[in-house]
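Next come two complexes built around chain A: one with chain B, the other with chain C.
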Partner chain A sequence: MISTATRNRERLLGLLLVSPALLTVGLLFVYPLGFSLVTAFTGEEGLWTTANFFKAFEFYSNDILFTVVIVVLSTILIGLGAIAIGGYLTLGEHPVAVAILKWLYRWPLFIPFIVAGQLMRTFLAKNGLMNNIFVSTGLLDPLQTTSFLDWRGIVITFVWKQTPFVALLVAGAMASLDRSMIEAARNLGARRFRILAEIIVPQVQPTIVIGLILSFVVMMSVLSVPMMINAQTPTMLTVDMAFRINAYGDYGVANALGFISYLMTGVVAWVYLRQGVRAGGAP
Partner chain B sequence: MKGVNRILLVALAPTLAVAWGVPFIYSVWTAIHPEKYSARFTWNAPITFANFLEAWQAAPFALYFVNTVILTLLILVANLILCTLVAYAFVRYRFQASGLLFALIMIQLLITPDILIVENFNTLAKLGLTDTIIGITLPYLTSAFGIFLLRQTFKTVPISLDEAAQVEGASTWRVLWDVYVPLAKPTYLAYALVSISFHWNNFLWPLIVTNSPETRPVTVGLSIFATVESGVEWALVNAATLMTTAPLVVAFLIFQRQFVTNFMRAGIK
Partner chain C sequence: MIQAAWIPRAIILGLFAFVIFGPLANMLLWAFTEVWYFPHKLPVEWGFGFWARVFKPRGNAMLSLNNSVVIAIFVVITCLLVSIPAGYALARGRLPWRSLILVAFLLPQAFPSVAVHINIARIFYGFGLNGTFVGVVLVHTVQGLVFSVWIATAAFSAIDRELEEAARNIGASPLRTFFTITLPMAMPGIMASAIFVFLQSLDEFTGTFFVGVPDIMTMPLLLFTASMEGNYQIASITALILLVPSVFFMLIIERFLKADVLAKVGS
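And now, the complex of A and B:
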């Protein structure tokens, strides 16, 4: 039986342990989040207005759409890449091939986005390695080469950089599965692709979803990659936010664009929490 | 037909591996060869470190490295202490609104501090902390990801161990330090590598907060090479790029096995 004094002591101690973290969260997360929302809805005269949002949509609706398409497409490709890598590491039968893949796929984990951007600029440029390979193998004529430093470059960089993170989580989840069901399916003659799609992926789905949500949020906030790879319009919202602040000191529209970004991540969060509730456990 | 499928499947792994490895390998190639060999792959291409030297001299990289090490370590130490306290509190104590507070901290996972840069910059300006290393670290002192990972790990510690230590007369701090922390070592290592990697790589926030070489980290220093596509010296760019990321790659090579094993074990379940 826990006495009231013990319970009170526990409450106090719990709050005491949490308070330093709460202080930083309050000062540098809750406060700026609330304040940016207020600024997004405040006009130059200090009155409530939705003008910043109208301006944001008027100037940047293409960029909003562009951001959604880029991030969603990248997330889908990251998911497929992570499943392919995880699946191969789990079901692959050729030890050398598995070892090569295991050794090489993790490298981008430790490469910063800005460095990934630099690498891809040299790789995807008109005179970069990718086109050089195409030309030297006779697939393209030198005059036919084009630069991939546009939306395709952003997607390729995001997928290249984020797939290893999700693949690491997914491969870990796949490795911890009970092998008996996989072996039983194999004994019944099921092909590897079918085992992966119908037995393994459904079991590791929560891990895939979490990895993809974290990647989605990260990609929504990256400035360096779109800034370095896609020097044209349409571009991503982070570039627009930086531009509104640097060029015009326009915090209202910048915050409105930020608010639109939270909404996008908020929708993703809602999907995740809903799935967690449906699964009957804590997300 | 079965043989063809098998060959295709075996070829899939190296293809995926090459797709992920080629940009990095190409970067190494251009960095250690003269500019004219950046698109010519011949075995007799001369190896040179002149690109690294030139990149090193283009900006005060030694100072940038020192700044990066200081800010990365400050954040790591703060994260390890604060996340440990919070995770322990959420696992072992019942207090008012603990569920709400946990949800509040977890929302951080879904809204990265980068989106809040405008207001955070204003807060730092009010505190007089712009263009300081402390200013760069402030928004990252608490990590929702770290709290989440440690909470998951602490949950696996049997309560009987906790109670036994208390019966022996151990204080709360003693129990935390002697029971929980040692059992969570793999999680700490995995998290430390993720944290170091993330903050070493962070670009946008330091770019906004700093405006002098005395406080700039390496990623911001690297951005001086980020000019438009035309006229870029790829060899120089790649040498600077590799120089920036070298400490992380070395750390990854040293701790690769522990990192992967521990991250998988401590991962999201």
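And now, the complex of A and C:
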């Protein structure tokens, strides 16, 4: 029975070693999260209520829709971009072109969101470098230029910043695929686009989905980009939450909006888990 | 002679390069601009005037840079202090609910964080932690733990246990074995996790925005304030300063994060 005693001691020691880290997450994340959930359903008199949600929908239903549209559209574009980049890195015929792309696409990966926001704030403005170049090359008339600093700016910034991350994951998964099927399809004369869509993408689908879900959560969390790019209404829920706190100290409605944003990510995670079950394997 | 196939390739890669580097070029232009107004397509006057203003000793920018670096160093120390024992236990011990514990560290990155930060700020207010270094360090630590714990776990998992057993056999104590054999071998992985945590803290905006204001000014907050005030020179110089460590670490990270460790992350 000595072995059982040793194992129990080992387990206890292990838990002891993990506990400082676990305690940190518990106190500084799980507790505030619980606080947030409770506050969302608590009225001013401290009673349980759904009034915060009615108020949130009354004032911010446009912004909820705006957030959903922006994040979903960005996720789709990021997915397409990542597949295109990964696909070219896997199937590209010229090693020099592949090497150039590999060197190019990673740049935004480690650029912080706040910096990306500032870059785009100057680049996409009415007199920004983008419009200036379009005018100089004769693509646009000076009178036709418009500022992209609205919902389009947010989508462009999100896609610019997050596509490299998903592409990195997807390209890694594609590189570790068995090449024999790809070569076989190529020998049969299949075009590269068909090989990508019908052979490669289905096999790396779990990686694509994980990368897109992570990006989805990140985009739901970013406060700086919508604040810097889109200084008008409608805007994203993150900005509304900050406004509710800084202008009114209204924690009830802010947390109700927070709860709605948890729900949105929850739905995405649920779709993913369900898909994993349907595929018959672990997600 | 250039082959015909290169024409579409070059056009697409050129457009891609424009998309990637265009925004960066605009930042560089602004960083070295003295005067730039419509309808001029390039700065009217170039110069380092704003750099002198940013790097003025005791100026706002130097203070924020100093704050950011000090906070990031303390975040790294805190993260490593709790993650090294945790990573070792997760890699070696027969822990109950091991995968659940690993997932717990992912939670702060898996929820939309603004609402949680609002409530952290509210709770901290009660303890007098708002607007303090300690408060900001704690907020950044929670966000960094997923990197430090997961990478430390992977680094310890990748070590050959026979070396530890050999040290034990010739009479070294468990603690001595850990500090002379295990920890040095896990060091490259732990350094990699420290880099991730450092960058995460350096670039963190949302948590500092709610917990640090108004007393703790960091580089991201300075960038945000300058940008919202329309002071694009200061904002672009700050952005450039934040970019340098990010790009530098991106280039050297592969030296620390070896494939054998990378393969064990999250498993």
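What we mean here is this: the second predicted complex is superposed on the first by the 265 of 283 C-alpha atoms of A that agree within 3 Å, B and C clash if a C-alpha of one lies under 4 Å from a C-alpha of the other, contacts with A are read in each partner's own complex, and residues count from 1 in each chain.
Here, contacts are C-beta pairs under 8 Å (C-beta built on N, C-alpha and C of every residue); 3 or more make two chains touch, one makes a residue touch a chain.
Small disclaimer: the values here were computed from a predicted structure and weren't measured.
Superposition note: with chain A as the common reference, chain B and chain C are in steric clash.
When the shared chain is aligned, no partner comes close enough to touch A:80: not chain B, not chain C.
Of the two partner chains placed around the shared chain by superposition, chain B is the only one that A:192 touches, whereas chain C remains out of contact.
By the touch criterion defined above, A:271 reaches neither chain B nor chain C. Judged by the touch definition given at the top, the superposed model places A:29 against both chain B and chain C.
Once the two complexes are overlaid on the shared chain, A:109 sits against chain B and chain C alike. Within the superposed three-chain model, A:245 lies in touch with chain B and with chain C [touch as defined at top].
In the superposed pair of complexes, A:184 makes contact with neither chain B nor chain C. Of the two partner chains placed by superposition, chain B and chain C are both touched by A:15. With both structures placed on the common chain, the touch criterion links A:173 to chain B but leaves chain C unconnected. Residues 7, 10-11, 13-15, 17-18, 20-22, 24-25, 28-33, 35-36, 39, 94, 97, 100-101, 104-115, 117-123, 127, 129, 132, 160, 214, 217, 220-224, 227-228, 238, 241, 245, 251, 254-255, 258, 261-262, 265 of chain A lie in contact with chain B in one complex and with chain C in the other. Considering their complex, residues 9-14, 16-24, 26-27, 30, 38-39, 82-83, 85-86, 88-90, 92-96, 98, 101, 104-105, 107-116, 118-120, 122-123, 138-139, 141-142, 147, 172, 197, 200-204, 219, 222-223, 225-226, 228-229, 232, 234, 237-238, 241, 244-245, 248-249, 251-252, 256, 260, 263-265, 267-268 of chain B touch chain A.
Those residues of chain C that touch chain A in the shared complex are 5, 9, 13, 16-27, 29-30, 38-39, 41, 81-83, 85-86, 88-90, 92-96, 101, 104-105, 107-120, 122-123, 138-139, 141-142, 145, 149, 199, 202-203, 205-206, 209-210, 220, 223-224, 227-228, 232, 235-236, 239, 242-243, 246-247, 249-250.
The part of chain A that touches chain C in the complex is made up of residues 7, 10-11, 13-18, 20-22, 24-25, 28-33, 35-36, 39, 94, 97, 100-101, 104-123, 127-130, 132-133, 135-136, 142, 160, 214, 217, 220-224, 227-228, 237-238, 241-242, 245, 251, 254-255, 257-259, 261-262, 264-265. Taken together, the chain A residues at the contact with chain B in this complex read 7, 10-15, 17-18, 20-22, 24-25, 27-33, 35-36, 39, 81, 84-85, 88, 92, 94, 97-98, 100-101, 103-115, 117-123, 125-127, 129, 132, 147, 149, 160, 163-164, 168-169, 171-173, 175-176, 192, 206-207, 210-211, 213-214, 217-218, 220-224, 227-228, 231, 238, 241, 245, 251, 254-255, 258, 261-262, 265-266, 268-269.
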